[in-house]
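Each of the two complexes below includes chain A, the first together with chain B, the second together with chain C.
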Partner chain A sequence: MENRVSGTDVLIRLEDLCKSFDNEQILKSVNLYIRDKEFVTLLGPSGCGKTTILRCIAGFETPDSGNVLFDGKSILDTPAHERPINTVFQKYALFPHLNVFDNVAFGLRIKKTPEKEIRQKVRKMLAMVDLKGYERRPISKLSGGQQQRVAIARALVNMPRLLLLDEPLGALDLKLRKDMQLELKNLHRQSGITFLYVTHDQEEALTMSDTIVVMKSGTIQQIGSPQDIYNEPANAFVADFIGESNIFDARMEEDNKVYLCGSVFDCVDPKPADLVDVVIRPEDVEIVPAGEGTVTGFVEASLFKGVHYEMTVSCGGEQWIIHSTRSVEAGNTIGMRVAPENIHVMKRMFPTESNHLEAKVTEVSEEGEVTLEIDGESVTLPATGTYEQDQVLSLQIKPEDLELCDPDDAQFTGILDSNVWKGSFYEMIVISEHRRWLIKSQMDEQAGSEVAFRFATGKTVL
Partner chain B sequence: MKKTASYLYLGLIFLFLYAPILLMIALSFNDARHGISVWQGFTLENYASLLKNEELMDALINSLVIALLSAVGACLLGTLGALGLNNVKKGRGVLMNFSNLPIINPEIVTGVSLMLLFIAVFGMKLGFFTVLLSHVVFNTPYVILNVMPRLRRMDKNLFEAALDLGCPPAKAFFKVVLPEIFPGVFAGFLISLTYSFDDFIISYFTGGNFQTLSVFVNNSMKKGIQPWMASMTGVIFVAVLMILLIMNIHDARAEAIEKNKISAPTPKKGMGYVKAAAAVLCIALILGICLPRVLRSDDNTIVVCNWGEYMSTGDCDFDVIAEFEKATGINVEYVTAESNEALYAKMKSGSGKYDVIFPSEYMAERMIDEGMLAKLDYDNIPNYESIMDAFKGMEHDPKEEYTVPYFWGTVGILYNADMLTEKDLAMMENPKDWSILWSKNYPNQIMMFDNPRDAFGIALKQLGYSQNTTDETEIREAAALLKEQKFYYGMDQFFEMIPSGSLAIAPYYAGDCMYVMEDNPDMDLRFVIPECGTNIFSDAMCVPATSRKQAQAEAFINFMLTAEAGKANTEYVYYSTPNQAVFDVLEPEMQENKVAYPQGTEDLKAFRERMTSWEAFQYLPVKINDLMTDLWNEIKTNNK
Partner chain C sequence: MKSKKPLVPYLFWMAAFVIIPLGMVIYYAFTGKDGRFSFSNFRYIAENSQVYLDSFLIALISTAICLLIAYPLALVMMRMSPRGQRMMNILVMLPMWMNFILRICSLEVIFRSGGVLDQILGFSNPVNHTMAAVVIGIVYNYLPFMVLPLYTVMSKISKSVLEAGRDLGCNGWRLLWKVIFPLSIPGVISGITMVFVPAASAFVIGNRLGGFYLIGDTIDSYYTKSFDLNAASMLSFVLMVVIVISIVVMNHFDKDDDIVLV
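Let's turn to the complex of A and B:
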């Protein structure tokens, strides 16, 4: 995953970091390095393990295995209070019994800094976060934004080598959040301190970071600059998570040619495999008169979004999202063209087109039904062929032959690992006890939740 | 109109609430020499007497020390418990319920269970430490209950934030977590303080002879309402009222500051430390003054368990216990038991932890047999030398290992010469046997011992059998004999009913007979021992095997053998001394008294050997003992 070149100025390095809580693996062998003075953001949906990484670096959690190197030396044996690292907590964790000044001075006093120096440093820091004159205020008399700034000041005043920020803007309203994003970026520049920032807000990550680390279920999906991440997403998950995008199932027969939506598009990628995912950003779709584009589509809706119009276009059963400053009214037919360099070809997250599994016949009924044992579950299916008791079958189940269902009717259950809209369906990857499943579904479902599914009724698999 | 009515209503409620307290305060100024409930004039004497009442002051100090220490202990334990509970993820609710259970539990359950735990499991002597432990136990849940909500409300990251800023864990707790939960801890402390001071039931069960204020008041109630009770509760009420007022003023002031009505005093740096130091100093001072006083009673104290009125103590000319304490610096806690059997039961159950006891010879024999007595170190009891030969190496302790004789005596018949017929009077000059007790001439005027051993003893002697017989038919015969007469069964009633003339004839212990005779010189009371024989008894000083202060106990025994102490006891109790050194300093009149010393000038050992029909009780086998008890119950029911 790590595709950057690590220089000599690496401040912190995570090696094969693993951590489990209650038998659930939160971090699965994470490798990552952060350069000195860099602003790195850990981005991912909740539960992806980003906060756990932060807590392992801060020293509040001990990893099950792996190492945390600071300046090339392991700090696993250094207790939290001796690490040259400070944290801004999600809910600020300000000390309610102390006023603003004493909160900010807390770390300096522990270090037995002379009181005069403390006064100078705290004043300067409070001025930097725009809280001049608030020294004697009790914490309870501050607004959320002010508390946030005290928390940042309290951490920064110690001039740590590394500042950890755990969704520090999560509790603020939108306007305040935007302001604080800028302020934080400024503070980063002024202080010259390395920032490791955790958020689930992709826009926040794109705005502030030098480097973004996208995570999913305890693994790193991609590391790169905001531009890299946005323009060259490593897979459908990253593409879906960062910004808006059109993601399609596609096929490649040769280099620089990709087959999707019933047409062949020119692209600039070599062929990685037969089956690929393609991502096209909505603003990269060119609208041309009908018949002149690579494909033709029918505008279903057009919404004004301020800077641009957002159009929903159906094209051969697939849905495209187009952002354009020029509006085409709903009901019109348009041609669509995409420049070759704006077509991003990605490896599929699920390696095959269908689910390959083995099944054993346990019962053959006279009504043409066969009972199979799959992954220890007993499943009864309608069958057209002839089967014998104890026969072992090698099945290829198409993703559309599986459907989400009520837990009571379930034949299998698993955790929904990723869920990506691919123009006409949701591509779901579900992890059950025995295998990963690929399911095409019309129903949306929250990634990370437990889902129940079965062989689609009315479809003959055997 | 409506307003007046509501004020009236409010006034009535307050009257209802406060009338008892007002009445109590009024009565506390009553000159109550003749009963507290009748107004007899204003006085401050009840308040002055509070300070003079040493026992009361001791109890008050006990209560204060227990309250303070147990509150501190409960705060430590409860805060730690709450911290632990707060870290539990699964089943915290259930655990909280368990932690709250002691609060709902009736105190009597807590009290009895703790008492059993201390006695049966840890073999502790009930006293200061057991009360302290018990109070910590019942106060801890209150602290947990007060600290938990504070912890739950606290930002979970606070502790980590402190670590993050460079605080080592312990310092982080004191600098960040403790200030957050301190109001809860303090509330728990105050509640513990009041509940501990208030507690009666648990202190009563776990205190043994250690008295907190409430236990002392309860014990004093046995003697009736005391004038100081009103003044004491008055003082407590006023003290609580003052605290409440101070707190209200403080709160009102804080509120005014909040509203900026008055300017807040500029907090000077370090004021918090000064306040905390002052508080710690106060507590330390109170404990420093009080604790030694409380502990003194525990540390170097021996518990002496004697029979009632069997030692020269209290308001006597020569208080042997006070003299012993003065001479040795050892403190004595003096308690009494009703009978040998009661003493045995208390020791067996573990509820009686004593250092010196005074069992009769047959009980001493049983205790030796059951390993309940400690072997004495006679080097610590040099005065043992002066014990008369006749009382050394007696049957119950032939090797002189466990016992030191205290008093001896005989059983004889005391009769009121004025109430007897002339014929009987003549017969009683020199009675052959105990048959006068079965005379039909004195209905309801003949007393019999209200305990089986003495009563059967007389009946057996009357039948010509041994008092220590193990023959069941002989015992049944004796029972039948006892049933023949309708006796008045009594013990201590003897001291009232002889002087009042209600009893004409009573067999009793020689020493007590002598006491009644001396006390009623205008009555013609006479004492005689029938020729067919009687019981000659001796009580021994022993140290229970459970005593942890054997050396001090032996010092006590040795002191009782000194001529002065022995003389004081003998003159107080009237029983016969087995101690030559004591006998030598008695008034000649006493030395020659035939009731106390029937041997006259004859050598006591020779006398005892000659008088074979004067038997000492031996410990009876269980089977015989049980039979006797059964028959005894039958006799008593029959007699009604």
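Let's turn to the complex of A and C:
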């Protein structure tokens, strides 16, 4: 995944970092380097391990294996208080017994800086974060935004080589967050300090970062500039997570031609596999008179969103989202065209079209049912042929033949690893104890949650 | 909160069991045997000045020892798993499930001459009927009152504040001194108050373990043995005044009401 060129100015390097809590793998061999003076953002849904990376670098967690190199030297044996790194904590973690000045001066006092120098530095820092005149205020008398700025000042005043920021703007309202994003970006430029920023807000990441690292369940999905990540997402997860997008199942038979929604679109990608995912940004869909486009669609809804109209268009059973400054009223038929360079072809996250698994016949009943053992679970299904005891079957389970269900009725359970809307269904990848499952579902579920599923009732799957 | 009706029973309670008895104590303290207003009872203070001094000294020493034992214990408890914390809480509270007098009598059985301790040692222990025995008795009895407020305050210090301390360069000792201790001051103050006040007015303990009277025993004996209500009231009144002053002084250290344990 690491496709940037590693220069000589690498400040911090993570090598095969692994970490588990309660037998759950939070980090799965993470490799990453951060250049000096860079603004790097770790972006991903909650539980993806981004905060754990930060805590390993800060020294609050010890990785199970792997290494953290600072200036080329391992800092794993350096305790947190001796690392040349400071942190801005998610909930600020200001010292409630100290006023604004003493909070900011805390680190300098620990380092036994002369009091005169402390006064000078703290004043300058408070001016930088726009808190001049607040020196004597108790922390409890500050608003959320002000507390946040104190937290940033408290960390920055120490002039660390690396500043870690753990979702520092998460608790602020939208307007304040936007202002603070700009301020942080300015502080980064002025201070010349390397920033490692953690957020689950993709817009924040796109606005501020030099480099974005997209993470999902303990692994890095993509590393790149905001433009790269947005324009060339590495897979459907990244595309779905970064901005709004239309993601479809598609097929490729040759280079530069992709088959989706019943038509062939020109693209500029070589064929990576037969089955691919395609992402088209809503603003890249061109509306043309019906019949003149590559495909034809029916406008179901049109909403005014301020800068643009958002239209929901059905086309060949798939749902398209289109952003355009020109509105087409609901009920109209339109043609749609996409420039070849705006069609992004990605490798599928699940390599095959259906689930391949082996099952052993444990019981054949006279009522036409057969009991199979799959991954140690006993599953009874209607028989569609003749089976023998202990016969081993090779099954191909289509993703639509699995359905989410109540935990009480479940045949299998697993953790929902990713969940992407693909125009007419949610494509879910579920990790159970034995394998990864591909499920197509109409129900939405939160990625990272535990899901229960079974063979769809009323469908013959054998 | 508009209606003050719910307060009525409490006001009645306060009047019946706090204000009226208090008035009676003051009344008896400043009247002579003939029932007339008089300062003559002040002589009892002079007569018992040594008892007062001993009582406060013992209470101070006991409170200090309680703090020295309880503070590290609370620190350890703070770092335990939630399960461990619950266990420790029960262990700290456990002795209090038994009657106070019974606990003192058990200590007496241990310390008295020819008692359990002497038998184990094989010679007569030097603690019996000393101030030390009284201090041990008080510490044993009131330690939970020191541990619990300390633990409660410390368990409210957020983990991220401690991490912020380490992040900004504190090693273990500095973290304790610069972050944990200042944040635990409210607990220290309520712990000291909760131990010092009952320790200063303790009775039975001095008599049983020390073989001498503390101010609590003295007041008790004026009332129950010599039926001198005036003397008992004057001594109680003075004890109360001293305790109120010490509480006011203690709370002065904690006047910053803005401390919020996030």
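As a convention for this text, the second predicted complex is superposed on the first by the 462 of 462 C-alpha atoms of A that agree within 3 Å, B and C clash if a C-alpha of one lies under 4 Å from a C-alpha of the other, contacts with A are read in each partner's own complex, and residues count from 1 in each chain.
The criterion applied here is as follows: a contact is a pair of C-beta atoms (placed from the backbone, for glycine too) under 8 Å apart; a residue touches a chain by one contact, two chains touch by 3 or more.
All values reported here derive from a predicted model rather than from experimental measurement.
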Chain C versus chain B on the shared chain A, clash or fit after superposition: clash
Which of chain B and chain C A:72 touches, first, second, both or neither: neither
Chain B versus chain C as contact partner of A:141, first or second or both or neither: second
First, second, both or neither for A:262, with chain B first and chain C second: neither
Touched partner set for A:110, first chain B, second chain C, both or neither: both
Touching partner for A:340 - first (chain B), second (chain C), both, neither: neither
Chain B versus chain C as contact partner of A:80, first or second or both or neither: both
First (chain B), second (chain C), both or neither touched by A:270: neither
Touched partner set for A:407, first chain B, second chain C, both or neither: neither
Set of chain A residues, in rising order, touched by both chain B and chain C: 58-60, 79-82, 85-87, 89-91, 93-97, 106-107, 110-111, 154-155, 158
Chain B - residues contacting chain A, complex: 155, 157-158, 160-169, 171-172, 176, 179-180
Partner chain A, residues of chain C touching it in the complex: 158, 160-161, 163-171, 174, 178-179, 182-183, 185, 256, 258-262
Chain C-facing residues of chain A, complex: 58-60, 79-82, 85-87, 89-91, 93-98, 106-107, 110-111, 138-141, 154-155, 158
Complex interface listing, chain A residues touching chain B: 58-60, 79-82, 85-87, 89-97, 106-107, 110-111, 154-155, 158
